[in-house]
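What follows is subunit A paired twice: with subunit B in the first complex and subunit C in the second.
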Partner chain A sequence: MAELRALASIYRRLIGARIRAQLEYRFSAGLQLLGTALLTALDFVAIALIFANVPELGEWDVAEVALLYALATISFAFADLAIGHLDLFPQMIREGTFDQILVRPLPSLFQIVAADFAVRRVGKVLQGIAVLVFALVALDVDWTLGRVLAIPLAIVAGAVIYSAVWIALATVAFWIVDAIEVVNAFTYGGSFLAQYPLGIFARWLQGLVVFVVPLAFVAYFPALYVLGKDDALGLPEALRYASPAVAVATALVAGVVWRNAVGHYRSAGG
Partner chain B sequence: MADVIRLDGVEKSFVVRAKTGRLRRERRIVRAVDGISFAIERGTIVGYLGPNGAGKSTTVKMLTGILVPSGGRIRVAELDPSRQRIELARRIGVVFGQRSQLWWDLPLGDSFDLLRHIYRVPAERHRANLERFTEVLGLAAFVDTPVRQLSLGQRMRGELTAALLHDPEVVFLDEPTIGLDIVAKAAVREFLAEVNRERGVTVLLTTHDLADIERLCSRLLIVDHGHLIWDGGLDELKRRYGQERTLVVDLEEAAPPLDVPGARVTRVDGPRQWLSFQRDETSAAELTAAVAARARLVDLAIEETQIEEIVRRIYAAGA
Partner chain C sequence: MRLDWELARRGYRRYAAYPGATLAGLFTNVVFGFLIAYILLAVYEQTDVVGGYDVRDALAYVWISQGLFSVVAIFGPSWWELARRVQTGDVATDLQRPLDLQRTALAEDVGRAAYQLLWRAVPQFVLALLLFEITIPDEAARWLVFGVSVALAVLVSFGIRFLLNLSSFWLLDYRGPTLLAIGVTNLLSGMIVPLAFFPGSLGTIVRLTPFASMLQAPIDVYVGEPVGGSVGLVLALQLAWVLTLYAAGQLVLSAGTRKLVVQGG
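And then the complex of A and B:
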């Protein structure tokens, strides 16, 4: 416990330093932030355009899809803030800077996570929150305490699931340094999958995001719970409450994968 | 226990896959370190030398816990580096010449502050160390400058400070003077000598610069092809293999190889000639005078013996 507190304090200092460095260029940081907010806003415009043509998407109306979209986007944006710099990881391996991490008295994954914090990505969070507000206003939901709490809980669990999946995928770089494009296909493609009702996708894709890479637990199952909707896949109701547990499990799996990957690096020699 | 570093029969092999046909790949095992044993006494400065690809940096990576050895036994500060990486990290300092451990965008001083927290150095101790290093290395002039704006020499002073602030027992330095100008090189050497004398820090230094070794190292280890081929003092090495030096002269015009007593011409390239001589038989000054008496001299330089050359001579003598 004391060890965790110490790590949290070091994390705050390292991230604080990164943010200070970025704020040296306040104007540029502000512009970038605005830029990402506008760019991701276009994302939702695309969904709005679909609804201008059809009233429902897989039996979900526009307000319901907005909730789904908001949960997926905010989770993704938090994960992106915390570990989006993972896309520089293959470069660290190639240039040998990962060695520098191994001679510091901290866990290697902790150092990778604490290496950066991209202020400009806050724009994506803001855009997600705007859509969430729209969804909450437009929805006709019977709000209970459970449903209210489900929203922040889903966001935290979703961010953890995204982060864990990215970390596990990033370890590919320990074997194949130039695999980052494949990894990006999964991460950014994954964020797309989570924004839409699961029922509209092909069967094999549904199976993939429920059982293998658990992205269905980022937004789809929590949204089913909040909206009290029927599951198009007909899966057990318990899955609607499972996101926090799935988040913990994915994080543990990612931790084991990371350990093994670093072990491989240290015995094979980069 | 006086030995702070100890290696017994340490090995490291890598699997290299090479394409041999359109689809066929060949697996080949390369022994980068092939049974190296030595021990280093606490408080000494040891030079670890060898040509590129000899197994130098692989050894240092094993000693610092980055790589796990494929065989043999390693102890650094009584710890097993591969199993006790984090514990070891607190007790050693590492400077890999070309890579920075500092925060690029931040003022140099901020890096020191972050490192204090990473290494959990008591505030009082940190302040005392930083004060001392600031004084010796003259850091005050650029401690508020972002690292990316520092000159190479200033940055290296920052790197050395960063590696020593947590009172490590052993520091591993990989080419710490590479690319520095003469003044900065001298400052770095002076600092290392002082840290060693004042704090008893053990230093393992890999370098190509023989002047670093001359100034600092009481003992030399030379590796080649993964084997230790020399373990001893610099004086003895020089007496046996380092007597030969080369005088490079630029003449006004191309000439046949000069006939100068005590030297022989090893290479001619237009007006430039390379003359090898034994430093105990003749001096560079005598030789220069002799050359000037025979041809019009434009410029001259003395080439120190390169480590690659010494390695070649050790082999030649052993064969």
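And then the complex of A and C:
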């Protein structure tokens, strides 16, 4: 416990320094934040353009899809804030700077996570929240305490699931340095998929995101619970409540994968 | 001309040096292709035609746009490589050479595009033919104009990226504007959603922008839905943008060169 508290304090100091450094160039940081928010908003423009042509998508109307979109976007944005700089991890392997991390007396994953905090990515969170507000206003839901609580819970669980998947896949770089874009297909592709009702995708994709890379638990199952909708996949109702448990499980798996991968690391000699 | 050819070959080889990255990029495009294809199939469950595109046209759109993604560089380092050289001052070396910076950059970019066309667009198109029922034009003439339109799209894309890179002669930090420009490009080029989905006359207006000329135009030509109903008009519009952007690039480059302050000496 004391160790965790120490890590939390180090994290705050490192990230605080990163944020202060970026805010030194306030105008530039602001422009980047705005750019990120607009770039993220484009995905929702696509959804709006689709609904300008048809009234529903796989039996979900625009407000319902907006809820899916908001849950998927906000949780992905938090994961991106926390560990988005894992994109630079293959570069550390290539240049051999990962060695420096291994000789320091702190957990390797912690050091990578604490290495950066890109203020511009707050733009993604804000954009997701804007769509969430739209969804909540436009939806006709019989709000219960459970349904209200489900939304923040889904966002936290979703952020954990995304982060875990991201970390587990990033370990591929220990073996194939070039392949970070394959990871992008799962992370950015996964966050894109999670914005849409799962029923419209092919069986193999549905199976993949329910049972293998559990991104269906980021937005789809929690949204089914909040909206009280039928599951197009016909899976057990218990899955609607499973997101927090799935989050814990994927985090544990990611931790094991990471430790094993680090054990296999052989330095480039940097 | 000989120099341009050599530079283009260098541009090609620079990307050919990383086959793993090509394969990974191809994989990502295919994943997104599948996702967008299923989303559009769900749209066409409820309607037969959107803005002239039927379901087979829409599927052709998905796979051609994913294939051309890297060819016309919707995203990628070419959006900021030169800007970074301006920021670091390395551009001073480029300007000392007795060569036109824009022309050499163009030659290299054509080599880059050729590589991406061969190794990313073509494999994806073959895959789409095997897995999905997409529109396949049966007249040879349409394939020919499609090819010309793709070539023009690359040149338009170069023009836009070159101008944006030059903005760093005036801006100390190019990243914000670059992000914004990439966002605008994604939407208005038809990368995110076919421009046929824009309602009413908005669909026509967005097709007149240079962004549409870099991606949607060749696809419109391919499926036989050119803006204004005429393939000639589309090619003329693309050519006009190529020339306008190139001329603007020359002007801005010479203005930038005059004002050049090499940061950090």
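Brief remarks follow.
Here is the rule we go by: the second predicted complex is superposed on the first by the 265 of 270 C-alpha atoms of A that agree within 3 Å, B and C clash if a C-alpha of one lies under 4 Å from a C-alpha of the other, contacts with A are read in each partner's own complex, and residues count from 1 in each chain.
Here is the rule we go by: a residue touches a chain if its C-beta (ideal position, glycine included) is under 8 Å from a C-beta of that chain, and two chains touch if they have at least 3 such contacts.
None of the values given here were measured: they were computed from a predicted structure.
In the superposed model, A:L31 makes contact with subunit C only, not with subunit B. Of the two partner chains placed by the overlay, only subunit C lies in contact with A:A202; subunit B stays clear of it. Contact with subunit B, but none with subunit C, is seen for A:I10 once the two complexes are overlaid on the shared chain. Here subunit B and subunit C are compared by how many residues of subunit A each touches, and C touches more.
Shared-chain residue A:G96: touches subunit B; no touch with subunit C. By the document's definition of touching, neither partner reaches A:V133: not subunit B, not subunit C.
Of the two partner chains placed around the shared chain by superposition, subunit B is the only one that A:A21 touches, whereas subunit C remains out of contact. Once chain A of one complex is fitted onto chain A of the other, the partner contacts of A:L49 are limited to subunit C, with no touch recorded for subunit B. Touched by subunit B in one complex and by subunit C in the other is not one residue of subunit A.
For subunit C in complex with subunit A, the touching residues are 18, 20-21, 24-25, 27-28, 31-32, 34-35, 38-39, 41-43, 45-47, 50, 172-173, 175-180, 182-183, 186-187, 192-193, 197-199.
Taken in their complex, subunit B has these residues touching subunit A: 12, 14-15, 32, 58, 61, 64-68, 70, 82, 85-87, 89-90, 92, 94, 96, 99, 101, 103, 105-106, 110, 114, 117-120.
Remark: subunit A residues 6, 9-10, 13-14, 17, 20-22, 24, 95-97, 99-100, 102-107, 263, 266-269 touch subunit B in the complex. Residues 25, 28, 30-32, 34-36, 38-39, 42-43, 45-46, 49-50, 52-58, 120, 176-182, 184-186, 188-189, 192-193, 196, 200-202, 205 of subunit A are the ones touching subunit C in the complex.
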